[in-house]
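Structures follow.
The two complexes that follow have subunit A in common; it is paired with subunit B in the first and with subunit C in the second.
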Partner chain A sequence: MPGIYTNVKLGTLLFHVYKADYNMKLNSWYLSSFLISFVVLIPIITVFTSFFENTSNYYEILKNTFLIEYILNSITLLVSVLILTFIFGIGTAYLVSFYKFPGSNFFKWALILSFAVPPYIYAYSLTAFFENYGTAFTILKNLFGDANYNKDIPKFDGMLGAILSISFSLFAYVYILARASFLYQSQNLIDLGKNLGFSKIKSFYKIILPAARPAIVAGLSLVAMETLAEFGAVDFFSINTLTTGIYNSWIYFDDLAFANRISFLLLLFIFSLFILENLSRRKAKYHLNSKGGFKQKEKIKLFGVQAFLAFMFCFIIFFISFLFPLSQMLYWTIKFPENLLDLDIVNLLLNTVYLVTISSFVLLLFSLISNYGNRVSKNKILNFLSTLSISGYAIPGVILAIAFITFIAWFDNSIIKALGLTSIKKIFIGSIFGLVLVYFIRFYSLAFNGIKSGYEKINISVDESAYLLGYSKRKTFTNIHIPFLRNSLIFIIILISLEIIRELPITLILRPFNFETFATTAYISASEDLLEAAAVPSLFLILIASIFIIMTSKYILREKNE
Partner chain B sequence: MKKITISALIALLFASTFAIANEVNVFNARHYKADAELYSKFTNKTGIKVNLINGKSGALEKRIISEGVDSSADLYITADAGRCGAMDAKGTLQGGLTSAAIKAAVPASFRTSKWVGIAKRARIIYYSPERVTGAELSGMTYEGLADPKWKGRLVIRKSSNIYNKSLVASLIKNNGKKATATWAEGVVANMARTPTGNDRAQIMAVAAGEADIAVANTYYLALMLSGKKGAEQQEAAKKVKAFFPNQNDRGTHMNVSCAALVKGAPNKANAVKLVEFLLTPSSQEHFTNNTFEFPMIDGVSPSPLVVNNLGLDFKQDMKTKLASYGKNQAAAVEVMTAAGWK
Partner chain C sequence: MNNFFEVKDVDFSVGGKTKVRNVSFSIENEGDVICLLGPSGIGKTTILRTIAGLEKLDKGMIELKGKILSSEKINIEPENRNISLAFQENSLFPHYTVKENIFLGAERNKNKKDHKVSFEELIDLLNISNILNKFPHEISAGEAQRASLTRSLVTQPDLLLLDEPLSNVDQSFKEEIQEKLKKILKNSKITTIIVTHDSYEAFYLGSKCGIILNQELKQFDDPYNVYHLPNSIEVVNFLNRGTLIPAEVTSPKSLENKDLGTITGNFIKPFPIGSKVSLLVQPEDLHHDDKSSLKFEVVDRKFRGTNFIYTLKTPNNTLIPVFVHSHHIHQHELDEKFGIKRPIHIDHIVCF
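Now for the complex of A and B:
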């Protein structure tokens, strides 16, 4: 496998670069940064180098037709989801940031509860409600008596189902970022519009929207990355996108090279979005920091029909994105209570807590080390390495898991065995250790960036004063940095927990024997056509995630710049 | 204190990896509650712990293959003979399921030395008695699904579904690849809608009037009739009737849930014991009453729901060897894809 040779080559190259930089001292910061970057880069390099490997000829013609279908489906899905999340996210953010109307304070945080419903659970709810003889049928029957209503009930399956599931689950990204940007728009801008005689709508298009553009682009690129990486909902509706295509060609065609080739295409897509998002974020920061002439704006109070329409828009989105899936799962749990008894909830809860605790601990530990390393050494290579190692978040979980297994199998077969050592596969595949390692790769950027932004708020002169007082580096870290970073750390732990609770493909592929989470239990039941049984774990997942979201809301929604 | 916590965490991480006990490791792609109940019965009886990793067949197979000879897997249990055959073709299974108990229980066409059927299911035709006449159905075969008289009246799952792959593989085995390719085109032309949903959704489409005939496995109708899916689906199930195709020639296409012995299985003897246990009359009765499958062994009757509503007196295809489903999987996917079967 040439992929690995390149890995080794890259390692040597970095080593030379390191030696050439004679200002550097060999210290633990470097080693850990190297280690982290290396671990995170393994899957990316495995995928990219397999691109030039030959695929088997047998399916060549079939693959060509598949590939076009995968790309077209991915683009259809992407464009539709972007349009919908734009409308939902910007619409609600605009209303709650600029206006006061009944419920506006409630919607401000209630709208982010949609994050608690992952797209695959949304997909189960859509199907359950709208399928032939589904919940909608039952409601109509109870209201109007026996008749065949099935023909009149719209069917939300296939592509349409996937688009809706993903949009209602992800629009909050756009909502949160757009709202933050709207809040910091100066009253001066709004006044400017008024002075120019703009109507509300014209001000919105000509002033408010352009000023918030970087934040909106950042939100949309997050949505785009998640959409392209989506596995659960897309798989449930059997849509062939690039991501499910990778999974299928790996599993049904036994063609890892082809799977990796599609991954390569997908990663090109995703990396462009990743770069776009990063650039926009930088600009967004610039906008936020413009303090000169900032005037806190007053919210406009809406009355009558306008207030009603604003309320209805937010309510409908809140209802469809959160209350609808929640009630569907609740309804099923009550209708088929035996599933509640069958499920070992305590055990699932403990497994979740176990994963969340270990992962958060490891992620925070290494993120702190490399952030602190960057701070004390101020070295460019170290900075570059850190930037590389946060790219794991852009790679779909299913690709990460596949690349990880491929790499371990290769490493074990060709290096460990050659050295005559015992196999290490069991340490990495099907173990909590391997699972946490891949979570680490996937969520490292979340932890790293979170701590980084926390560190940016601690002035470097604080460190210098500490040294003057005779504090060692370690003491500065533990006694000064950690207390300062406390809020960021809590926030990051909650975000990591939220991601791990909802995570599906990595857990599904890598988990050990007799180990289930709410997400895997729901998925397994659903894939066996036991959607009713999937309702109980789904319901618990939504409830637990909601609690975490409510805990984070004060960080996400703070209105004053700290 | 901190150091102790860290070492404890690390120890925990590794403890889960290296545990040795009297156990059997099952990679399980059948996720019925009834199965879990059987496994605990087995543990109570023998003291052998059953370790489960649940998942979809594809992902489980990949893990077994990647882990290679170091795999912890003893048994791979899945709901399709085609998947067991495919695993055999990849050289990941080993012989050993040849005990007298197994041979006596399972007919030869439903087993190899590396995997055996543990419960049977038939893939049959469901029809609406209101819209399909007896004359239309008379002598109906799988081959007949391509007849233009069904244009716009047929629903069936996607081509990626494992049951469809095995059905088409059996047609390739009996009629050849070329004839099956033409057949697949006819079937696609007859479809009432682009394939969507699971087997139960196909049956409900007939009940709801979206189509006149559907292809689905036997146990789904029984499941709906049992009321486990709610009153509405129970009502819906009464609006469709089951029809067993190919009664005048080779018989109705049969598939099995199968247990396969993995190469390098660390607990081979326990694995064989578990398979033998699953083939005992009491286990087989447990299957038939809960999953509504047909029993693998003689002397156990299917659930009354199956007997009364689907009929028991039908000719099963005992001629086509189930091992051919695995062998013809790739060809099956090829003809379905070429025909534009989504």
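Now for the complex of A and C:
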């Protein structure tokens, strides 16, 4: 009698939830928070339960042939990207944090513009430039006349292309976190190194790097999670990884159970990274909050060759990560203007605005409710559920979308059909509603954590003062919290917009028929080998994302202990 | 006649952990001020938070004006109690100026006709006119505390709770604010419970004082009695009022100590003759006399402005404090002999 057993278990759980906190009252805030956390957890539960379901023969075939290749490719990609992002991220962060050289103030924020170029668009640019008769060929031909340059131009495709695309797109995670950590390192610590007679290099290895380790690990963990989740670039370069394996088993073999089985393996891997990242972040927070250690460092001014080398290092990274793909896409847009005319830009823009507006509204609304519910109820189990539910950001979009389809299919077949109701598949799959719901799960942590960090600045005694002044909980929320959180909310909206504009796999799998975004249009053109056509939506995507990044850079790169 | 405010057999807890057990006390009349005194972390703030409705109680009952606020079954929400709590830490709304914060407090009882104390009067008394247009992050901790106090006072609560109201106020300014606070509370007739760890503040502001120690309300009495007639060794130790020395009761009006000899006086509590007791010797009980034959070695001397407190060591290694006016003609150095006037007479003999 599994049903009865489940009900008893659920009842016991709810009872414990109620009894766990003496102060808890079963109010609407609490119920909302509980439900939100539960909805976000659904895909995770689906993946884990699907692991035990039967799969098609594809699994048996694949287990003996491609699965090892998927795993090996994923590991190769992961390790290579981690090494490159470490070098790019730490190198640039160290230079702009500790030294003053021509352009250092510009690079400080310009380096994060690489976020505007998703790995798949970087991949298109890389291919467009280095392919036979590509942009590099044209440049050489214009400079030196006709010749067969194709054999001399290096080819960055396959695994190497994927590694470079992902690394240049994601190194900014390491850059931002390492820079923040370098910035808050105590001057005393560095002075101590000087006092002990350490050279600059020795100070870097012995003091600066170890002190920033938690932040660096956190940055690298984010890179690792994004790399394992990466779909567009690896698919473009036809690299078989676990993520593309999930997509292929669903698209080509129609085997959801197998897709979920690979998802399970990938999730285990990602969750260990997630835990590592969380542990590191906790330490990083401790590190940043230490009292008395912060003192604005005097940046060392570089001259001559040293200044030139520092400038060149930052410029090359900035150029390759941002200017290069931007120029490539701009060049093709100008070279093939007919693509610009063919594209219904207004429609794409409206679709994007539509998705961004609805998603932001839903995410903010529910994150506010959930955060406030947590604050009011002070319930440990609810807190734990919230922590679990924000893990959505660690789950690759492909897994989320497929787990969502699996869940809806199961729910439709087992519950809706049994009740004799009309199928609900169309409401959730291939609809804006379903798409926004999965965006919600994917980006919930972004909104939840953003509001949470805003809330952390409001002492709980502020709420209590409001109650004692006669404010109800609702009035405290609308009159005290919302005005205080206004800046955080604006910041979160921008971040959500940025993520949705760049998002590919979820939109690709769950969007309604004929509903396109810049990302899906670029992907479809590129997958049809029409890279020139992919350039226009890619260019628009980069430009819009850049605007959002510039708008948020003030928050991301704040220098003082605000 | 019913008490204005009453706490009956309450266990005060926070997060499921009991901080103070079985507490009972009352405030008889509207406008009375009482103080709760105890070391840090003992649960004083928990008591205030529970009275305010921010924590719930497992056992007992809290009543205000004859109405039950909290019991095992009843719990009136904080916003419906008309009780104001001024927190120890800065609890001003961060996105409003000090003035706006105070007005938010005034909003609560804007329809009340009999305003016990005016906004302007409070601004002036608490000396916050220069920070009215500043935001909470632009003012000092002491200023924030005074602003928060003003906000609480303008709400015209039935009961005002002040949690260490002057802990962040500069020492030089503290006495002045204490005087002003006392005046405001007296004029406004706002019934108040003040929590503090400063015994002098409690004795000055409160008409009654409660001493909380070891999870219990040890004594609830007027300040004079708490100070001079502590009812337990724990209260003596907490108030740091003197030393307990062994003695034997020799008559209804005397006892004997090996070092001090015969001590006469009035027992607070009778003991049978022959009882072995601990006698409380407070600094003001013994008097300096250079001509006395009863001399002990000075092991410490504390300058307290108007007086010195000498610590003397007896042949039995007991340390006894003695109060001497700082203008006293003959001051002693460490290791010197210090004479005690005989016969020794203590008005209130406190023994345990």
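The rule is short, and it goes like this: the second predicted complex is superposed on the first by the 531 of 562 C-alpha atoms of A that agree within 3 Å, B and C clash if a C-alpha of one lies under 4 Å from a C-alpha of the other, contacts with A are read in each partner's own complex, and residues count from 1 in each chain.
Here is the rule we use: contacts are C-beta pairs under 8 Å (C-beta built on N, C-alpha and C of every residue); 3 or more make two chains touch, one makes a residue touch a chain.
Bear in mind the structure is a predicted one, so any value in this text is a computation, not a measurement.
**Student:** Of the partners subunit B and subunit C, which touch A:Val462 in the superposed model: first, second, both, neither?
**Tutor:** Second partner only, subunit C.
**Student:** On the A-aligned overlay, A:Ile432 touches which partner chain: subunit B = first, subunit C = second, or both, or neither?
**Tutor:** first
**Student:** Examine A:Arg474 and indicate which partner it touches, taking first as subunit B and second as subunit C; both and neither are also allowed.
**Tutor:** It touches nothing on subunit B or subunit C.
**Student:** Of subunit B and subunit C, which one contacts the greater number of residues in subunit A?
**Tutor:** B
**Student:** Is A:Leu530 touching anything from subunit B or subunit C once the two structures are fitted on A? First, second, both or neither.
**Tutor:** A:Leu530 sits against subunit B, while subunit C stays out of touch.
**Student:** Determine where on subunit A the residues touched by subunit B overlap those touched by subunit C, and list them.
**Tutor:** Shared contact residues on subunit A (touching subunit B in one complex, subunit C in the other): none at all.
**Student:** Can you list the subunit B residues touching subunit A in their complex?
**Tutor:** 9, 12-14, 16-18, 25, 30-33, 51-56, 58-59, 61-63, 66-68, 70, 72, 90, 158, 160, 194, 196-201, 204-205, 207-210, 220, 228-230, 232-233, 235-236, 330, 333-334, 337-338
**Student:** Name, in rising order, each residue of subunit A that touches subunit B in their complex.
**Tutor:** Result: residues 58-59, 62, 65-66, 131-134, 137-138, 141, 148, 150-151, 157-158, 237-238, 247-248, 250-252, 254, 335-336, 342, 358, 361, 405-406, 408-409, 412-413, 423, 425-427, 429-433, 436, 508-509, 511-516, 520, 524-525, 527-530, 532-533 of subunit A touch subunit B.
**Student:** What does subunit C use to touch subunit A in their complex?
**Tutor:** These residues of subunit C touch subunit A: 13, 15-16, 49, 52-56, 58, 77-85, 87, 89-95, 104-105, 107-108, 148, 151-152, 155.
**Student:** Can you list the residues on subunit A that touch subunit C in the complex?
**Tutor:** Listed in rising order, the residues are 22-23, 457-459, 461-462, 464-472, 480, 483-484.
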